[in-house]
Each structure stands twice: as C-alpha cells, then as structure tokens.
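Each of the next two complexes has chain A plus one other chain: chain B in the first, chain C in the second.
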Partner chain A sequence: MNNNAYKSLSKGYMMFLLPGLLLLSIFYIYPVLSAVYMSMTNWDGVSRTHDFVGFSNYLTAATDGRFLNALSFTLQYAFVSTVLSNIIALSVALALVKKIKFRNTFRAIYFFPAVLSMLIIGYIWQQIFYNVIPYIGERINVEALQTNMLGNQDLAFWALVIVTVWQASAILVVIYMAGLQTVPEDVYESAAIDGASGWKQFFKITLPLIVPSITICFILAMKQHLMVYDYIVALTGGGPGFATESVTLLIYNLGFLNNRFGYGTAVALMLFVFIIIVSIIQISYLRKKEVQL
Partner chain B sequence: MEHPLKKFSLYAFIIAGALFILFPLYLTVVTAFKTPSESAESLLGLPSSIQFTNFIQAAEMSNYFSAFYNSFFITVLSVIIIILLGSIASFSIARNQHKRFYRVMYYFFVSGLFVPFQVMMLPLVQQLSALGMLNKWGLIMLYATYGLFQCVFLYVAYFRSIPREIEDAALIDGCGVFRMFWYIIFPMLKPMTVTLIVLNIIWIWNDFLMPLVILSSADDWTLPLMQYVFESQYAANYNLAFASYLMVLTPVIIVYLFLQRHIIGGVSDGAVK
Partner chain C sequence: MKKSFYLLASSAVLLALAACGNNEESASGSNAENEERTTVEFFQVKAEAVDTFNVLIEQFEEENPDIEIDQNTVPDGMTVLTTRFSTGDIPDLFITYPVEEDYVLRVNNDYLMDITDEGFIDDINPEIQDRYIENGRMYGAALSLNANGVLYNKEIFESNNIETPETWDEFTAIFEELEAAGETPLIMGNQNVDQTSIFNLNFIAQKFDADFWERFNEGEIDITEDEEWREASEKMLEILQYAQSDHMGTNYDQGNEMFAGGEGAMYFMGAWVLPTLREMNPDFNENFGYFPFPQTNNPEENVTISGVDVGLSIAEDTEHPEETLKFVEFLIEEAQQFANMDGSFSAVEGVEVQDEVLEGLSPHVENNQVANWPNHYWAGGTAAEADFRSHTQNFFNHEDIDQYLADLESMFSSYR
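This part shows the complex of A and B:
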C-alpha cells in the first residue's frame, strides 16, 4: 500500500473510533468519576452546597445496620440462587442433550423465560404467591400453603429464590447444552468399556470437560443476582420490614427517597467492588479445575 | 438400548420441568380472559368464553399504546446506534491491536461490562437533568453507550475470524475506508450482528430501572415502567392485572414464536464467546 492510502486508512480508523469514544466519555467515564468524588461528599442531591468528607461514608457503611443487612441478604440470595439455578440448568441440559423426542420444542420452552421482562414475571409470581398457592392449599387442605410466602420474613427469601431460579435457569440451560455438545462421544464410549458407571462418568469426565461453561454460567448468574432489583420491586418492595432489601434497592432508596446521594453512591461503589471480588474468586477457583483433552 | 424405566424417568423429569415453566404463563393467559366471577368459581380453569373486555379496559387505564410506541421507538433507535457505532469502533480496535492506544481503548470499552448501573445512577440523574435530557433522548443515549461495552467485546472477538487480505485488496483498488467497511466488512459480520441485535432488544425492551430513574414525563414511559406505575390500580381487579401483564408480554411472545431458533442461537453464541 502506498503512503497516501496508509495515511487515509489510519485517519479512517480514528474516525471510526471517535463517536463511540465520545459517548463513553460523556455517559460512562464522566459519571463514574463523579460517582467516585460524590461518594466522598455528604451531598443530599438537592442543595447547592456539600462538604468533602473523605472516606467517612465508607466507614459509616461498615457500621450501618441497614447496609449490612442489605449486603448479607444480597450475598445469601445471590449465592443460593446461583448454585440452585446452575444445578437445575445443568440437570436439564444433561437430559436435553440425550436423544429424546421433541428436543427442540423442549429447548424452546426451557429458554422462553429468558426473553421475558423480569418485572412482569415478578408481578405474575407475586399473584401466584398471594392468590394461587393459598387457593391450592385450601383445596388440598395443606395448612402450610395457605399463607402468603411473601408476607413471612424467612419464606419471602425463598419465594424470591424460586422466581429467580424459574427465570435465570433458562439461559444457563442453553449455555450448558452448547458446552455438553463439545464433549466428544468416544470419550464416553471408552469410559463405558473401562466399566465407569453413569455417575462416575459424570464426575470424572463430563464435569471437568465443561468447566469453561460452568465458569461462564456462575459468573453470569452471580453478577445478575448480586444486582437483583426488578424482582424485589415487584414481589416484596424490600419487605416484610427490611428483610428483602437488596443493596440495589437500598441505593435507590438512599438516593431518591432519603436524600443521601453521597452515601448512596458510596454504597454503589462498594457493590461494584463486591462484584469484582466475587468474580475473581470464581474465575481463579474454576481455572484450576479446567482440563483439556 | 436404554432401560425403559430410565427412559421414563428422563421424560418425566423433562416434562415436569416444562410444566413448571409453562404454569405461570398458562395462569396469565386464562386469567386474562376470565371475569372476576369466573375466577372466583375456579382460579385455574379455562374461561367459559373468549372475551376481550379485560384487555380493552386495561389498555385504556394504562395508556398501553403510547407506552408500546415508546418502548418500540427507544429499543429500535438504541439498537441501530449500538450496532453502527459498535461495529466501526470494533473494526478500528481489532485492526490496530499492534498499537498501544487501541489496546487501551479496547480495555476502556470492555471495562464497562463490570460496572453496575447503580454506580453511575445517582450522578447520571444529576448530569442528565443539567443537560435537559431526563427524557427518551437521554435514555437512548444511555442505552447506546452501555450497549457498546458488550458490542465491542463480541465484535472484536469476531474480527479475529475475518481475514485482513480482503480489506487490503479493496483499499489497493482505491476503495475508500468508509465504503470498504460498509460494503465489504459489515456484511461479513452478519452472524454476530444478529446475535447483538437479539441481545440488545431483549435487554432494552425489558429494562425497568433505567426508564424508572431517567424518564420524568409520562409521555415517555415504556411498557415496564407503565406497568410499575399502574400496578397499584389493578390491585382490586385480579383479572385486569393479568390482562395487562399479558399485553406487555405478547409482543415478545409473538416474536419468540417466529424467531426462537435465531434468538436461542444468538443468546448462547453471545454468552459462550
């Protein structure tokens, strides 16, 4: 290529990058930097003035019962939902990669929740917990089913987990199916000849070979669940009391209801740090388990 | 040959799971078509007749068509901007990996994948309010920006499979950079473009938190936000509530029925890459 064409090419490359770069600078970098600054102020979000308070918002959080409660709820909810949805999705995927009839139809049904609005799904399940399950409980005369799970401090947690697993497993099923299809058939054949049983094959062959899929699914699910918001709004509103107030809901409430912009932003940055830490732990743990054929 | 009992339990498991998935949707459809007295008689049974009064009433109550139009407009415009700006930015990043500046740019774009929206949420509301953009235009700009994170991540990876020789040949033939991109490169990205369109439509159409904090005027409300605002009004009428849920879900259900193969393929490709 001659010099002229090369020059116009590198100019072209720069032109291609600029619009995206501009958007990122205005709507991503600038707000992130102002978040870092704002988290060190006592701004209420309304008044004209505010004071710089250093790290005191972060120190406040360390002893703030409401924040610690939200954090512990969110971590427990995210952990339980991630583990359950992965176990269920992997079991379904193992069944769906077998030679079964209507496989594509089943796959389409299992994937369906992934395209639906989390808020609307939350509302539908809210009606199920409020109306349908007590109705069924009355019909079959089981006392335990006759109360609304969402009104009970301990059961509300599990109600949220049920809804989450219902929807979040959908995408994981498809990812696990794609992963399982990369395991070559002849590995199983030789294992069967060596006399390895079904369970042994699963733990010694299948599981180690699909570690990349497991990594993706855990990180994807964990990040999504740590940021849970729509379900909480639709199902419990954070209640009963503060039993199901997630960190994201707390940030919203601090910022828009309690006029604590500075503190709310500090909490948001801590959520970000938690997501990074949890992701790194998962990646480094699972990378060690990875094997290659 | 497999043991028949094993085969039976396999099918039982898959069918039970499928019924669990379908139950809330079944409930939504039958309840939406029933009158309150029919529901009082039998909560789970089929409606005695097909009547659309619940839907008409719910649509009038909540201004459904305006919200549908807003959701549609915001989704389509945002996706177009994401694909256009994302593809050209990814092209220049992918083809300049030997230059430090572009490598830094790559990490700059991809870093956004890890930042929760909540971190930016409160400063952004202030910033957009100062710019007079607490409306659908501001929201579109946000989607366009945050869509670029994943878009650049997936396109740059995809560019590795596209040989550079074709571009070089086109440039030597005197084709301009822009024409070369649009007529030669962009069509080759098609599989990844389909994936990205699917992923972004699902995200933007269903998103609730960003419209909640950004859209200040009722004229701009999207479907999920409209549902949130009117939810308390449906509290007294269970059937009306389900009719409104079904109306929000229906566009997605129709698209899914026709394009499910592309949608499943697109989403799993996007996640695995």
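This part shows the complex of A and C:
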C-alpha cells in the first residue's frame, strides 16, 4: 500500500470515529466537565443563580461527619464484600470446572442470582430477613438473629454483605471458570509427577496462571461495591439511623433531599477520583503477579 | 470497494435524515388538528389520586372543550419535579406543600404564580390556606388534607371492653391493659425510617407552635436543655415499649399486613394508608376505626396532625395562565366530589368527609383542633425532616434521651 492510499484510508477511519466521539462528548465528557464546575458552586438545584465558591465544598467534606461516616461504611463494605465474593466465587468455580455430576445444572443454579433484577432481590431478601432468619434464630437460640437483621444497627452491615456476596459471586464464578479452563492439563500432570499435592498445585500453578482473571474480578467487584446504591435502597434505605448510608446514597440525598447539588457533586467527584486510585493500585499490584507460561 | 463503502455510509445517513423528516412532519400534522385546544400539563405526584383526577378532568374538559388537561404522574414524582425545576422544564400546574423549604425556595426564585387575589382562595379554610403565606402573598391553593391519628382494631377493643381514650393517662392505661390481656397493643413499622416520625411528630406537633419554631430557627432554643423536648422523648419511649417485639425490623408493608390482618390493637398512621389496608382486608371498614392521638390529659389541648395533601401551584412562566387558573378554580368548586372519591378531609369550607373510618378524626379537624406537620416549619425543610427521622430511628434503637437530644441539636444547628 502506498503512502497516499494509506492516508486517505486513515481519513476514512477517522470519519468513523466521529459519531462515537460526538456521542462520548455529549453524554460523557461534557457532563463530567460541567460536574467539575458545579462542584465548585453552591447551587441548590432550584435557584436560577449560584455563586462560585472554589474548593470550599471539598474542604467541607473533609470535616463533615456524615460524609466520613458514609466513606468509612463504604470502604469496609467494599473491602469485605470484594474479598468474600472472590473467595466464594473462586471456590465454586474450582468445583464447577471439575467433571462432577449435574455440572451444567449446578452452573445454571449458581448463575441464577445474576439474572434477577435488583428489585426482586430486594423483595426476596426483605422476606428472608424478616421471616426466615428470625425463625432459624429462634430454633438455634441465637438472640441476635431473632429479630430482623436489617433493623439492627450492628447486623445491618452484614445483612447487606450477605446479599451482595450472594449476587456478585455469580458473575465472578463465570469469569473464574473461563480463567481456570485456560490452564493447560499438562502442567498439572507434570506437577503431579514431581509429587506436588492438591494444595501445592493450587497455590503454585493455578493461582499464578489465573491472575488475569483475579485482576478483572477484583477490579470489577471493588468498583461495583464502592458505588453501592441499589442494595441499600432496596434493603435498608441507609438505616437504621445512618448505619448503612453509602457515599452514593449520600450523594443522592444531598442532591435531591438536602438541595445541596454543588456539595453533592463535589462528593461524587471525590468518589470518582477515589475509585480511579484504588483501581490503579489494584492493577499495578496484580500485574506484577501475572506469569506467562 | 472504497467507493461503495462511502456510498453505503452516506445512504445510511440519508436514510436516517429522511426518517427524521418524516417524524417532524407527522408531529406538526397532529399539532395542526389540535390547534384550537390548549394543553395544560398537570404534574400530579399522588399515585392514588390519578383516577379521581381523571374523572374531574373529564368533566372539566366537557365544560371547556378548548382546554385539554394532561395529567402526568410518574414514580417518585417529587424528585422528578425537583429535577424539572433544576432544568427549567417546569409544568404548568403541580402539587406543592406549603411552608416547606422547597416551597419557600421556589417562591423566592419567582417560579410560582401569585394567586392571593383569586376568588377561589376565599372558599378555602383560612386556617389551612394561610400556611401558604410567604412574604405576605400566597402561591398555592390547598385542596385536601391528610390527617394522622391512631387506627384501632374494634374487635380487640370490644373483646377487652376498652373504649377509645381521650387523655394521655387513659391512653397509656389501655396499652397496659392490652398487654396484660396477652394482646399486641401496638404495631409499628420502624424499619422504614419515615414511619418513626409519623409516630413521634404527634408529640412535637402538640407541644410547639409556629412561634416556637420561629424562635427555634433563630437558635434561641437549645433542645438539649429544653424540658418539653425531654418530656416528649420520654413519652415516645413509654409508648415504644408496647410495640411488637421486632418493630425495628418490620417495614411499612409488613406493618400494614400485620395490622390489617388483626395482629395488633393500634397503629399510628396517616389517612393515606386507608386504601392499602382496605385492599388487604375487605372487612376493614366494619372492624377498624380512628381516634385522635391523645398527647395530654386535657382533651381540649390535644391536636391531630393535618397537613395539605393536595395543594396546587401554578408556574410563573406558564404559557396558559388563564386556562390553568380556570382548572384550579374548577377543582376548588368540585372539592366535595373530590373528597367523596378521594376519601380525604377537604381544605375547602363546607365540604364534609364521607369516609366512615376517617370520621373518627372529624371532631378535631372540624373544630380546627389541628396542627401542621412540624417539619414544615423547620429551617432545613425536607432535608432536616429526613435527618430527624434517621436520628429518631437511632434513638429507638439506643433509647438514650441525652444522646438523641444532642444529635438533634447539632443536626438542627447545621441548618440554621
């Protein structure tokens, strides 16, 4: 291909980029930029005018007990949910790639939570926490479980974690299964000949070879859980009191209940930057652990 | 190859443009037909009232063939309305509650039409309508009222030979008696944070009037040192102990089911719940009744919380002010019809409530022995209300009055 032809072809390709770029600018880049501006105003969401206040919204957040409370809840929740859902998903995936009876049926069953809508999950688990768990609690005589976990200041956190892990694991299982199937059989065979036991095989062979899957799963799960909103709205509404108010719920409340659009946007941007930082740390750490055969 | 590619792409673009053109044509075509009819958008946030309004709209459109009222009801309407204000896409007519922060904010930004001098304002009970006064003018008209009292299960009351109470002492004695008889005296759905305030604002509303809140908002009153607040909190705890064992884990729907299913003797709830309970229990009207919440030992001093349920405001920028006003006037004229269908108290004078359960609250409402929802006077408005509920839910958990009052004081002072 001569240079001229290449140039005109690449011009053609550039043309095809335009519609995408246009859509991206209108629906993504412009809103983000206007949000950056809005976060530096005191707009209440209704007034026709607003003042530019610089970084004071960000400074307010640093000392706002409610924001700090939401942040610490979100961090704990995201960390616990991410770790638990990944451990559970990996264990289930390990079992489901083995040649066991009813393998496909089990795969379908374990994937089931992922296809349920959040609203349905909310209803199901409301009933489970209200009826089933207190019943079990009475049977096994554990006082803490005899009332609805969602109404209990200390247990509401764990109730949310249970529901989150239950649903989030389903997708992760699929990713882990795909990762596990890429590990070639012969590596295991030679390891077996060298006398490596099951656990040793898992830690020395399986785990290093599926690090790309682990990276994806941790980042996806962490991002999803740092932005948790739907589970909380469906189950506790942020209560009891402020016990389960996440940062995203706080953003919504600030904007639509408290008429503090400017401040709410500032909090949203802080969450945005925070998620980017966490993701970069995760990627750079896990990338180093990856190995190639 | 390349040529055909461009050809394909450009024809695709052309096709898309042609499709756009078609749409515009058909849209303008249908507009031409309706040219003589003015369409007024009525943004209506009360899902239960849609059918009622449809009946009235039909009558109105028959009388005024040149006006079309477009009732628009969406889920989570109040939030959508806020969004539409922020984007400048304001409906012609919408529901607005008086005194609330949202209302004040909208008035001060000149979003609402001044309707103080309209004739129909005189037909509305001034006790209620005056809540719309802001800077000496009114920007809304009250149509119906909600009311908040004690729903009770007549069967349980009768089988234990209990009469409805009129004083605080009688009230607490009933709880005692019912519990001794092995009944569940009270159902509460405190897992839903808004249920907590439906109960405890009864005390707050009775104790404090508009003047108090004015001083309060100025920061002249410290909750932590106010005896009245302490007494109200003590009364809350006194009642709370009679609720079913897992009241913190019961939500609004579950509470409704329990009460409609006859599992408890009393339920603190507003009139808006009646349609739901009737659906759950077909014999609801025979077996259940209302009595006003007796906050004190002096029946004359007790009040029923009653706020504007449907109140109407017109956008200042509306393109059809006359048509919209005509419709509001029509609604106020037809208030009796509205009350009959909606089963609510009316803000319009001379209209009587037809609902047999709700009648239990009539003595208070008809004597104007009513108080507005106290949160309507708070400096933080809706936001302070939401925080108040969360702190209250906390309080129901830890039951520590000092902590509660300290939380409230710091919450309120953040809005002053």
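The working rule: the second predicted complex is superposed on the first by the 264 of 293 C-alpha atoms of A that agree within 3 Å, B and C clash if a C-alpha of one lies under 4 Å from a C-alpha of the other, contacts with A are read in each partner's own complex, and residues count from 1 in each chain.
The definition used in the following text is that a residue touches a chain if its C-beta (ideal position, glycine included) is under 8 Å from a C-beta of that chain, and two chains touch if they have at least 3 such contacts.
Remember, it's a predicted structure, so these values are computed and weren't measured experimentally.
Asker: Which partner does A:44 contact after superposing on A: first (chain B), second (chain C), both, neither?
Answerer: Second partner only.
Asker: Give one of first, second, both or neither to describe whether A:62 is in contact with chain B, with chain C, with both, or with none.
Answerer: neither
Asker: Regarding the shared-chain residue A:149, is it in contact with chain B (first), chain C (second), both, or neither?
Answerer: second
Asker: In the superposed model, does chain B or chain C contact more residues of chain A?
Answerer: Tallying touched residues of chain A, the top partner is B.
Asker: Please indicate which partner A:129 is in contact with in the superposed arrangement: first for chain B, second for chain C, both, or neither.
Answerer: Second partner only.
Asker: Check whether A:239 is in contact with chain B, with chain C, with both or with neither, and answer first, second, both or neither.
Answerer: The answer is second: A:239 touches chain C but not chain B.
Asker: Based on the superposed arrangement, let me know which partner A:193 touches: chain B (first), chain C (second), both, or neither?
Answerer: Neither: A:193 stays clear of chain B and chain C.
Asker: With both complexes superposed on chain A, which partner does A:13 reach: first (chain B), second (chain C), both or neither?
Answerer: first
Asker: Which partner does A:140 contact after superposing on A: first (chain B), second (chain C), both, neither?
Answerer: A:140: touches no partner chain.
Asker: One more residue to check, A:261. First (chain B), second (chain C), both or neither?
Answerer: both
Asker: Determine where on chain A the residues touched by chain B overlap those touched by chain C, and list them.
Answerer: 8-9, 12, 45, 256, 261.
Asker: Across the complex, what residues on chain A touch chain C?
Answerer: 8-9, 12, 44-48, 126, 129-130, 134, 146-153, 236-242, 253, 256-261
Asker: Can you name the residues of chain B that touch chain A in the complex?
Answerer: 10-11, 13-14, 17-18, 20-22, 24-25, 27-28, 43-44, 85-86, 88-89, 91-93, 95-96, 102, 105, 108-109, 112, 114-127, 141-142, 144-146, 148, 152, 168, 171-172, 176-178, 181, 202, 205-206, 208-209, 213, 223-224, 227-228, 231, 238, 241-242, 245, 248-249, 252, 256, 260-261, 263-264, 267-268, 271-272
Asker: Quick check: in the complex, which residue numbers of chain C touch chain A?
Answerer: Spelled out, the residues of chain C in touch with chain A are 2, 5-6, 79, 82-83, 85-86, 101-102, 105-106, 109-111, 190-193, 245-251, 254, 380-383, 386, 390-391, 393-394, 397-398.
Asker: Using the touch definition from the top, list the residues of chain A that touch chain B in their complex.
Answerer: So the residues of chain A in touch with chain B come to 1, 5, 8-9, 11-17, 19-21, 23-24, 26-28, 30-32, 34-35, 38, 45, 88, 91-92, 95-96, 98, 100, 104, 106-121, 123-125, 127-128, 131-132, 135, 166, 170-171, 174-175, 177-179, 213, 216, 220, 227, 229-230, 233, 247-248, 251-252, 255-256, 261, 264-265, 268-269, 271-272, 275-276, 279.
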